[in-house]
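What follows is a set of structures for review.
You will see two complexes here that share chain A, one where it goes with chain B and one where it goes with chain C.
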Partner chain A sequence: MRELELYFGPQHLGMVGNFSITLKVEGDRILEATANPGYLHRGFEKLMELRTWIQNFPLVCRINVVEPDPMEMVYAMAVEKLANIEVPERAHYIRSVYLELSRVSSHLFGLWAYSNMLGFDTVAQWAMYHRDLILDLFEELTGGRVYHIYIWPGGVRRDFPEGFKDRIVNTLHSIGGCVPDYDSTFFNNRLFYDRAKDIGKITREDAKKLGAMGQVLRATGVKYDVRKVESYAAYDSIDWDVHTREDGDAYSRIWVIRNEMIESVHMIFKLLDAMPQGKAYSKVLNPFKWKIPKGEAYVRIESSRGELGLYMVSNGGDKPYRVNFRTPSYTHGLTILERLLKDASIADVGNIMISLYVVAPEIDR
Partner chain B sequence: MISALKNELESIFKDIQIFVPENSRLIISARGAMILTILNFLKDKGYDHLALISCTDWIEENEFELIYIISSYKADITPVGNKMPDEPVDQRAGVDNRLNIILKTRIPREDPRFITAIPVFENAEAYEREIHELFGIDFEGHPRLIPLFLEREYEIPPFRKDFDTRKYVKDFFDEIPFVENKEK
Partner chain C sequence: MMEKLEKNKGSFLGAFKAIRFLWKRPKTLRYPFEPKEPALRYRGFHLNDWDKCTGCGNCADICPNEAIEMVEIPELASKPKEGIKNERPRLDYGRCCFCGLCVDICPPGSLSLSRDYFHIHFDTDTFTFIPKDEKLDNEHFFPAEEYSVLKASLSHRKKDYEGFSSDLEYSLFEPERVPMPEVRPEARKLSFIEQVIGYSKEEAKKEASRCLECRLCEEACPAHLKISDYIRAIYEDKPEESLKKIFEDNPIPAICGRVCMKYCEDACSLSIRGEAVAVRWLKRYVADIIGDYKTALELKPGKPTGKKVAVIGAGPGGLSVAYFLRLKGHEVTVFDSLPGGGGTMRIGPPVYRLPIEAIDQDVDYIASLGVEFRFNTTVGEDLLFEDIRRDYDAVYLGIGTTRSNSTRVKNAEKCLLALNFLEDNKLGRAVEVGEKTVVIGGGNVAMDVARVALRLQNIQHPGKEIMTQTVSLEDWDIMPAKEDEIEEAKEEGIRFNPAWGPKEVVLGEEGEVKGLQCVKVKSVFDEQGRFSPTFYEDKEMFLEGNMIIEAIGQRTDFSFIPEELFAKLEFTERRKVKVDENGQTTIEKVFAGGDIVNTNLDAVTAIADAKIAAEGIDRHLSS
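Right, the complex of A and B next:
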């Protein structure tokens, strides 16, 4: 059969975000795939070298549109580490609640993309609606729906407003009440099983060899979560579990996401119960006059896609000398995607890509 | 555990500097020729996850610094589901999974060449491609150093410190809006 070159994306219904893949195909079987990022490359890391420490907050959150909050967290953590800024106990709890809310909203967005791609339009609409309820909470807390800029070095921008705890609990209860509906329509649906089982399968050895993290790794049975391994914020003060599956295919990855979402909601309840009184931020110097001591730091957290790291170098000035993000989509969307697409069929490209949870701006930065 | 690893590294490899800034970080500075050996050694020790390869342009010292950040996949040795983990338990002993090892080396700016780390860590491929494009460092033995993000060739690779962003904007887009008008 004749070999053809097929361009998949960036304008394609099965493609999320500005990203494209060049496929070499024979019939509908893929011989070779080349990922082409760069449609969103704005050189954020270079821009950050030209802006002061505090001016970079509006930039970091734009690296991941779906989930800007872990980006703020990792940047704030790196600055805190370099400048030795202390964070009050209450702020740790607020940060954890906030990051878990963001994880739930990001997973709902992922569920929207995945179920939409499979043709489960109803489930997709539910997921989008429920995500919107969480965005309402963010709007009340921070003033922004998508980009929040809430976490600062030294704590968070403001404490929870009055009655906010109850509104979080109510919102999560109303979302949680729909889990049986999600299960019967989507997760326990035979169509989902048939469509996702054994698609984009990766073994545990390959996942480790190729640098997988997050639910791609956990779907192969490795109980690895940065929140457990190298705990930050208030994650070690509550009891929670890491969810895994054994098979390493798209079906397992989506099930890991579902279980993680439910675990996150339980975590939020526990964190809210245990939240101490006190200040939400420690007093820091005027941010416009910051000079961060010379040094380098690597910090990492668990975003909803995997290990999110930041390598930061300061030369003692008022701007960072070098900022480099280790984003989970980078490995998932380039190395692992190219590997998994080999020998797959054209109809499965979107399935594999969305189940890997790739967000294009994270690759481009 | 960190001090044991530090002592072992110091006894095997001569002239490397090891620095422990805090409990879960280990910074190793080594000569370029030793990097692959050290990476192999660490991988055999159980530090089998390459998180990132980064590069810093130290223009005043006329050097590039390559940074490899390594940690361990070892997470929990309790059985997952009803299966035991693939690796035997004793091999994983002595690995601190909180530890992030920052391995650094410097190469001259005039001759930006280095050896690829793909034989040790396969996911180095994408990171090296990025560094090649943004810093202009050639990785010998890399199978495809093709463009990744950028759409055109640059005289000076854009992430180097001597790349003038203003001049670039002016050359390609005529004038810098707002900034130039204000200066008039």
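Right, the complex of A and C next:
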């Protein structure tokens, strides 16, 4: 049969984000896939070298449009580590609640993308609506819906407004009340099973070898989560579980996402209960005088797509000398995607890609 | 349940459960007919309270997108002394990312973000915008009932719609000062120990780190010291560099670091909602920690010009003019009647505020540059003014005010005069104080006098009941003394009688002082703002005291200038010596500055005058 080269994206309907894949196909079968990032390269890492420590704080969240909050967190943690800044206990709790809210909102967004791709438009609409309810919470807490610009070195930018705890609980209860609907319509739907089972399957060994993280790794049965392995914020002060599945296919990955969302909601309730009083920000130096001693730091956290790392070097100046992000989509969207697309059918490209939850801006930065 | 679900492949029939949602109300808002109210902390367009805004420009400096520019508003007043620039931020909404860092760095808290976020316009210039608030801009802000989201834009905004606003606890600056270690009032009133102990290196660095470098202080300082630069050098632990910066404009940091009137701190943008950066104490820290200026500064006198300048008066102005002219290579001789340098600084500020050693530290350095000092030399007595004028190429008058004024009430000749009292005390002559002392005056000198008197009372009358009180025409709100001086005096136990005027010094049978009869003040100034006190003649009070000191101002003694020459000397309306832009008086070759020229009557203004005069003299000598 004739070999063809197909361009999948960036204008393809099945493509989410500014990203493209070049497929070498023979009939319906993909012989080779090459990921083409670069459509969203904004040069953030270089830009950050030109801005002061505090000026980078509104910038860093923009690296990931879908889930800006872990970016803020990882930046704050790196600066805190380099500058030796003590974060108040309450700020740790607020940060954890905030990051878990962000995880739920990001997973709902992923669920929207995935169910939409499969043609489950109703579920997609629900997920989008429920994500919006969480964005309302973010707006109330931080003043912004998408770019919250909230976690900054030293703590968080403002404390909870009055009655905010109750509103978090109410919102999460109303979203949680819809889980049976989601289950019957989507997760326990035979159509989903048939469409996702054994698609984009990766073995545990391959997953480890190729640097898979987050739900991609956990769907192969590896109990690995940075929140447990190298706890940060207030995660070690509450009890919670890491959810895994065994099969390593798209079906398992989406199920891990579902269970993680529910776990996150429970974590938020526990965190809110245990949250101490006190101040939520310990002042950093005045930004016009702020220099950070020479040194380098690597920090990592668990974003909703896997391990997010930041390597930062300071040469003692008022700006970072070098920053480099290790983003989960980088491995998922390049090496793993290319591997999983091999021998897959053209119809499954979107399915596999979205089940890996690749967020293109993370790859490009 | 989880296990069950896992084995369950599910049924596609389950999806039909979703059908019931068909009969539910849609969740989507029909925008704009069903508008969504933004959250209370929403980060929308800027609001700026122009009454609070100081034009410091910190918002423009921190903006990561360079979206803020400071523009001059000519119709606004610029008051450097009060720390207000006539500049206001202008936003470029093509660049703004609504992060709100400008709000968190705003020292007066004037800048905030509103909940408005709509602006649709075909003219891109409208996206550049100088934010105001509804107080100033009634045209573009509408009450809720007149506001329509359909018209929403930068020129159609809602009133009372503040969003993300400033919170001191989460601000990007430190509003509180590093406390200055001081001797406690109970201990310091018993002796003349220096009250302020001085910052340690860590404290100084921490205090220096608070400075936002907006330079409002530099405009407020009469001598325009490069304050931001020398504070930055302290923060970077480079005291030598800091001292070099100070010496560019001020050669007496040990003196000014203790007794400066600190216009800079009044102007500091941090002082509005917090405490000003301790500029004065930081200057003192540099002077103290270096001690020996010579090695740190490496300054050398300029190439000899062969010109000779005489400076009369070794006060702050005289010292400065000598220093600046010496650096230009002129030969400078300073004459003073006192046994050492410093002028009023040597006799006025009590030892607990300004020790003699600190004065000598500055004077000795200026002498080491080759300035000749002739102390114990009174011009007019030991040598004649005409001779000086003849022998030197230029003469600088930095003679200040050396004679205390008297109230001239009945029996006022029985009172002591402030400067004589302070001088005797500071130069180590024995001064005897009574157990009950009354000080007339409400200025800084009166505070000094009262606090010295209290210390002497504590030393001379231990265990006895002592009392020092002041009586001033001015009420609390217009008392001319600095607030912290008043506060410290109160802490030490000095009693105040504001808004009382002296009427008569009451004498005993043997002519000894018994006390002061006072009368209640109605007003101090007349409608034109001139000094013209009026009294309630029927409200009187008697203050008991066996010693009364008058501290109601000083005047200049011009008697050393021969009459025919003095006749040439012109004065301004405010009875100050008239000088031109070069600092030159109406007498040829004679320049002047300091208290006889300006109305501020302090050291740093004298330095500012000296800078002008030094340039003027230099031009005069090289022409």
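What we mean here is this: the second predicted complex is superposed on the first by the 364 of 365 C-alpha atoms of A that agree within 3 Å, B and C clash if a C-alpha of one lies under 4 Å from a C-alpha of the other, contacts with A are read in each partner's own complex, and residues count from 1 in each chain.
Just so it is clear, a contact is a pair of C-beta atoms (placed from the backbone, for glycine too) under 8 Å apart; a residue touches a chain by one contact, two chains touch by 3 or more.
Computed from a predicted structure; not experimentally measured.
K.L.:
May I ask you to decide whether A:K46 touches chain B, chain C, both, or neither, giving the answer as first, second, both or neither?
P.N.:
first
K.L.:
Touching A:D364, do we find chain B (first), chain C (second), both, or neither?
P.N.:
Touch status of A:D364: first partner only.
K.L.:
First (chain B), second (chain C), both or neither: which does A:F19 touch?
P.N.:
Neither: A:F19 stays clear of chain B and chain C.
K.L.:
Considering only touches as defined above, state whether A:D181 meets chain B (first), chain C (second), both or neither.
P.N.:
Only chain C; A:D181 stays clear of chain B.
K.L.:
In the superposed arrangement, does A:R326 touch chain B (first), chain C (second), both or neither?
P.N.:
So A:R326 only meets chain B here.
K.L.:
First (chain B), second (chain C), both or neither: which does A:Y114 touch?
P.N.:
After superposition on chain A, A:Y114 lies in contact with neither partner.
K.L.:
Based on the superposed arrangement, let me know which partner A:K289 touches: chain B (first), chain C (second), both, or neither?
P.N.:
Second partner only, chain C.
K.L.:
Which positions of chain C touch chain A when the two form their complex?
P.N.:
2, 5-6, 8-12, 14-15, 17-18, 21, 27, 38-43, 58, 61-62, 64, 97-101, 104-105, 113, 163-164, 167, 169-174, 208-213, 232, 235
K.L.:
Any idea which chain A residues touch chain B in the complex?
P.N.:
It is residues 37-38, 41, 43, 45-46, 50, 204-205, 208-211, 217, 221-225, 228-230, 242, 244, 246, 295-296, 298, 300, 307, 309, 311, 313, 321-322, 324, 326, 330-331, 334-335, 364 of chain A that touch chain B.
K.L.:
Which residues, counting only chain A, touch chain C once they are in their complex?
P.N.:
Residues 51, 54-59, 120, 122-123, 129, 136, 139-144, 147, 149, 157-158, 161, 181, 183-194, 245, 255, 259, 279, 281, 283-289.
K.L.:
Any idea which chain B residues touch chain A in the complex?
P.N.:
Those in contact with chain A are residues 21, 24-25, 27, 48-52, 54-57, 67, 69, 73, 75-76, 78, 80-81, 83, 85-86, 97-98, 100, 102, 121-123, 125-127, 147-151, 158-159, 163, 165.
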